[in-house]
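Shared chain: chain A. Partners: chain B in the first complex, chain C in the second.
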Partner chain A sequence: MRKIDISEKISNTAYIPIAIIAAILMIIPVYILFITSFAVPSDILKPHPDFFITRFTLDHWKDVFLSGNIWPPFKKSFVVATMTTIIAIIIAAPAAYVIARMPSKIKYAVVLSLFFTRMFPDVGIALPIAVEFIKLNLMDTYLGLVMAHLIVNLPFAAWILVGTFETIPKDLEEAALVDGTSKLTALMRIIMPIALPGIAVTAIFVWLNSWNEFTYALYLTISDRTLPLQTYYYVQRGGIFDSATYAAILTIPVMLVTFFLQKYMKSGYLAGAVKG
Partner chain B sequence: MAYVNFVKKYKLEIAMVLPLLLYILGFTVYPIIQTITLSFQDQYTKAFTLANYKEIIGKTEFKNAFFNTIALTFISLTLEMTAGLVIALILKRNFRGKGLLRSLMLVPMGVPTLVSGVAMTYIFGLNGYFNELLEKLHLIKLPVDWASGGFKTLLMVSVADMWKVTPLVILLLLAGLESIPDEVYEASNIDGATAWQTFKYVTLPLLKPSITMALILRAIDAFRIFELVLVLAGRATPVISTFAYDEYNNYANAYTSAAASTILLLIIAVFIVSYLKIAGTKEEQ
Partner chain C sequence: MRKFYAKVIAVLVILSLLGTLIAGCGSKNVSDARKKVLKVSMGLGEAEWKVMKEDIFPPFEQKYGVKIEPLQIEAGDLIKKLDAMHKANAMDIDIITQDNMQLAPLVAKGLVEDLSQYRDMIPKEVIPSLVPVGEFDGKLYFMPYRPNVEIAFYNEDKFNEYGLKLPTNWDELLQVAKTFKEKEGIGRVIIKENLGPDSTVQMFDLIRSAGGDPTVLNDEGSIKAFTLLKELQPYLSPDSKKADWNTPVEYLAKDSVYLVENWPYTANVLVEQYGKKNILAYHGWAGPVKESHVLGGEVIGIPTGAPNKEMAIKFMEYLMSKEVQEKLVTKLGWPSMRSDAYGKVADWQKPYFEAINEALKHAEPRPNLVYWADVDKAINGALREIIFEGKDIKTTLDKYHNMIEEAKKAAESK
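Entry: the complex of A and B
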């Protein structure tokens, strides 16, 4: 029987408390954000703000919704995210299928280059895009923003989808080809339906990326703000309750989706992905 | 001739990849080349010049931004890797409530980066919750202004960044930990190794590739940090990317902005190359 040493004792007793403290620290900022959006101003705007609030108010939410300042940004964010998602999938899915069927050496190189396009600083890409878009009158437009968000999301979507298509056995389409169907029919009738769940998950991630996107929106906006920019606008003006409410509205769809899609958050998806 | 045959045989495949390829070339590769070109151009004559670089390097803001970027990366990485490793090791154990705890640890992933910055402004504000906590613990008498610049602002941004990305580090390291075979631990157990020895001589060396990968990936992200700094520190504590934005947006100088971006690009390229080297040697093993 080996004896239990001190380091083992420490790790065996301390791991639960450490885990609980860490979990609490992970939730606190979200908690503070939400209570701020529901708090009575006098409970927060004082030298010693209350951590647990007992008085709740819907005033800030009402103000935000009644002000009329939320719908244009909300609509812009929603439409841009949806359009970006549709176009990203239409372009990235077929390409990802082809990449997945390439010889493994070439595939590795292609996937790696896709990955690295997402590593470049956005400020370096957004700058010439903005300069160009001013000339083309694309500032403040939905089209301009969709085009910019595709920069971020096309490589990302293709990168994830290559993984999806790789798991579909090659035999399936070969069998269909032997039966005399064309490549295109085999792809549409056999491969795409099998890949559909993977495509759906990718689409949701793309939608979220676009919904959260900040840098390109900042460069390409003069007056028609997206929801993140509207949040930032109130941060700059020091509107604590406005920014908390806008931030909460921005967060809710993201949180719900991340919670339900947790099992897809494997390290493979992560590196360039979830980080906004 | 072989070329024509290749195109004929694979015309469908080519048609399927081409839009993606063209988009990336036109909207990522070409803009990057434009930025680099811009950085070497004279504002008026468009002739080749190093003046843009000279101008920004002469600016105190840029020196600060450069230093802040490096310092921020260093502090953030230290915090994130330590916390990530500790939590990943805990989540590798089996205990009741592990699933719930794991879900809670991943909460920051469901929060947009901008929003995490907003939440942090409430925590690190002058009358914020962190100052309140420190006062309650009698560690400070007067509230600290975390956003006033200098080391404490860097620390604040690092903590904000740490909160946002530690889940990612946890997942990357957990994947690495789970790939270590149980037999190795059984063997070290039989040899009578202490928990610390097992960690130091078994877990850490076997986890080294995952740690290195996570470090490089996180370093690349840390260099590009933008929203968090913009929201939390504003212009008082610039980093290279916010400096580049500032030059473009507030001074309307695309050329100096491009020069700053190019310097950032160069730093990141160095890290990408080191990633490739490490990924390459991993491939060979």
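Entry: the complex of A and C
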């Protein structure tokens, strides 16, 4: 009979309460955000607002949607985040595959160099980068923001994907090559599908980073704001309910993207491939 | 499989072509079209933009056949954006209205045009103290546009409940703060101590009210101001440390603070948006020597290299006109920069408008110093050490006085 040590016992019994506490801590701010956006002002504008509100109103949502100020920034943020994600995956996935197959010494040097651009805070490098982009007439363009967001996200995307490709046995592609497929076909048909969970994680990560990005958007937009800038505007101007509504709208696509991409994050892909 | 690769390559080619297309939009035709557009940057709330778009911009657009493109840019962000566009030699904003608390960096970085040659455009009816706000080293960089001043917002219900009168001097302020603390067990009065620009404004008011000079900082008035603050400290709201120009709205709306000085836009949010009719305002309190309020507000500037400067000059003159100033009084309840612009404010705005006009009588502009950032640091450094770390007032103020003097010498030697 297998011996169960104390730490295993604790983790077996404690993980449920810990998981519940962690979930509550993460959900409460989102809950407060949403109830504020649906609350009757007098229920919130008091020293100790009730945790559960009983009166709901759609007025704040109506105001935001009827103002005509929501769709342009929403569209801009959505298009930029999606384009950034697609381009980041297209560039980072093959690069990461090549890096993963390099000899260890070279590989770590390359991975380290990937993070060179990330060694400086965005606020420090945003101005010189913005200046160059403005010279290229990229102010207020989708392309300018996509390129700026790629600067931030490509190193991380490549790093995550290097880890993913490292876990895929080299034998799989070698077997495919023996069967007569080309290296590119082996990559596209054998390796990429197995790497799908890692690619999904990377895509979510990049999309969320781009969706929430603020610093470059601040420098590179003057007429058409992104949604985080629009939300910031209302927060700055003291409108509690408008701010909460914009922030709630900001979180909805995040939930949807995470929901739709998380199904690719199941662990069965690799197991199935190895058995096959 | 080949088809698949062909598709991938096609997508990449299309993307790069698209990028080149967007990046290449800089032809002379676009530049001509740009002359028909006037890009105006302002930092306004929704209600204020509505008035601009419906009442202020259209007459100018019709008269000059130009399309005004409004840009919402907050004062701090404007400096960053202008800086980036200036460095790229691609300025794309024609005219700005900027918070007069944030002018020095614009001048120091060469981001705004010297408007001295247009000095005659300033109407003779302007309130005289508004002109020096835009002057740096004898040159005029900004035109007067909108005066503003902090007024004291208070919770009428709570003052009535405890039978309190509105404080008109430091002794009464201390008494009111003590009473709220005794009655409720927590401070309900805010003096802004966020160690940022907002606490600098508050310290300016206190020091000048005691006859001191905040840019000297170790004179008798400054010592009196810090002494009062130290005495007040136990009775202040804990939110004093977080209070900036924005947060008092929330504190007043939630009835967690009963007395705080803040900018007049507070009334628009509290009354118009939240229906909080029990929050009223008055001009505030005096110190041992006088009543003093920092003269805030906005001025007009033209960014260096503005593509449509000629039209921007005309718009600048238009904004200072009696016609526009009267509309701003009537529609927004903004006090006017002109002594001859009388508007009729809405009934709900009247008490706040009166408080603003009364406070403006005691308003003093901040000096335009190129070493302003050092003065700001010194005042907040002294605030932190004296109030939060309990250090000796005189010794600490001497230390920060020396810091300001060194910055002054360094600036003069340049």
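Definition applied: the second predicted complex is superposed on the first by the 208 of 276 C-alpha atoms of A that agree within 3 Å, B and C clash if a C-alpha of one lies under 4 Å from a C-alpha of the other, contacts with A are read in each partner's own complex, and residues count from 1 in each chain.
Here, a residue touches a chain if its C-beta (ideal position, glycine included) is under 8 Å from a C-beta of that chain, and two chains touch if they have at least 3 such contacts.
Remember, it's a predicted structure, so these values are computed and weren't measured experimentally.
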| item | value |
| --- | --- |
| First, second, both or neither for A:T251, with chain B first and chain C second | first |
| Touched partner set for A:Y233, first chain B, second chain C, both or neither | second |
| First (chain B), second (chain C), both or neither touched by A:K46 | both |
| Touching partner for A:I125 - first (chain B), second (chain C), both, neither | first |
| Touching partner for A:L145 - first (chain B), second (chain C), both, neither | neither |
| Contacts of A:L33 with chain B and chain C, given as first, second, both or neither | first |
| Which superposed partner A:A100 touches (first chain B, second chain C, both, neither) | neither |
| First, second, both or neither for A:A176, with chain B first and chain C second | neither |
| Touched partner set for A:K135, first chain B, second chain C, both or neither | second |
| Most chain A residues touched (candidates chain B, chain C) | B |
| Chain A residues contacted in one complex by chain B, in the other by chain C | 45-47, 49, 127, 130-131, 147, 184, 218-219, 235, 240 |
| Chain B-touching residues of chain A, taken from the complex the two chains share | 2, 5-8, 10-12, 15-16, 18-20, 22-23, 25-30, 32-33, 36, 45-49, 51, 91-92, 94-95, 97-99, 101, 108, 112, 114, 116-117, 119-125, 127-131, 147, 150-151, 154-155, 158, 183-184, 211-212, 214-215, 218-219, 228, 231-232, 235, 240, 243-244, 247, 250-251, 254-259, 262, 265-267, 270-271, 274-276 |
| Interface residues, chain C side, partner chain A - complex | 1, 4-5, 8, 12, 15, 18-19, 22-26, 39, 41, 45-46, 69, 71-74, 77, 80-81, 83-85, 87-90, 92-93, 246, 249-250, 253-256, 265-266, 269, 273-276 |
| Contact footprint of chain A on chain B as seen in their complex | 12-13, 16-17, 19-21, 23-24, 27-29, 31-32, 34-35, 38, 83, 86-87, 89-91, 93, 95, 101, 103-123, 127-129, 132, 135, 143, 163-168, 171-172, 174-175, 189, 192, 194-197, 199, 217, 220-221, 223-224, 226-227, 230-231, 241, 244-245, 248, 254, 257-258, 261-262, 264-265, 268, 272, 276, 279, 283 |
| Residues on chain A engaged by chain C in the complex (per definition of touch) | 41, 44-47, 49, 67, 87, 90, 127, 130-132, 134-139, 141-143, 147, 184-185, 188, 218-219, 222-223, 225, 233, 235-241 |
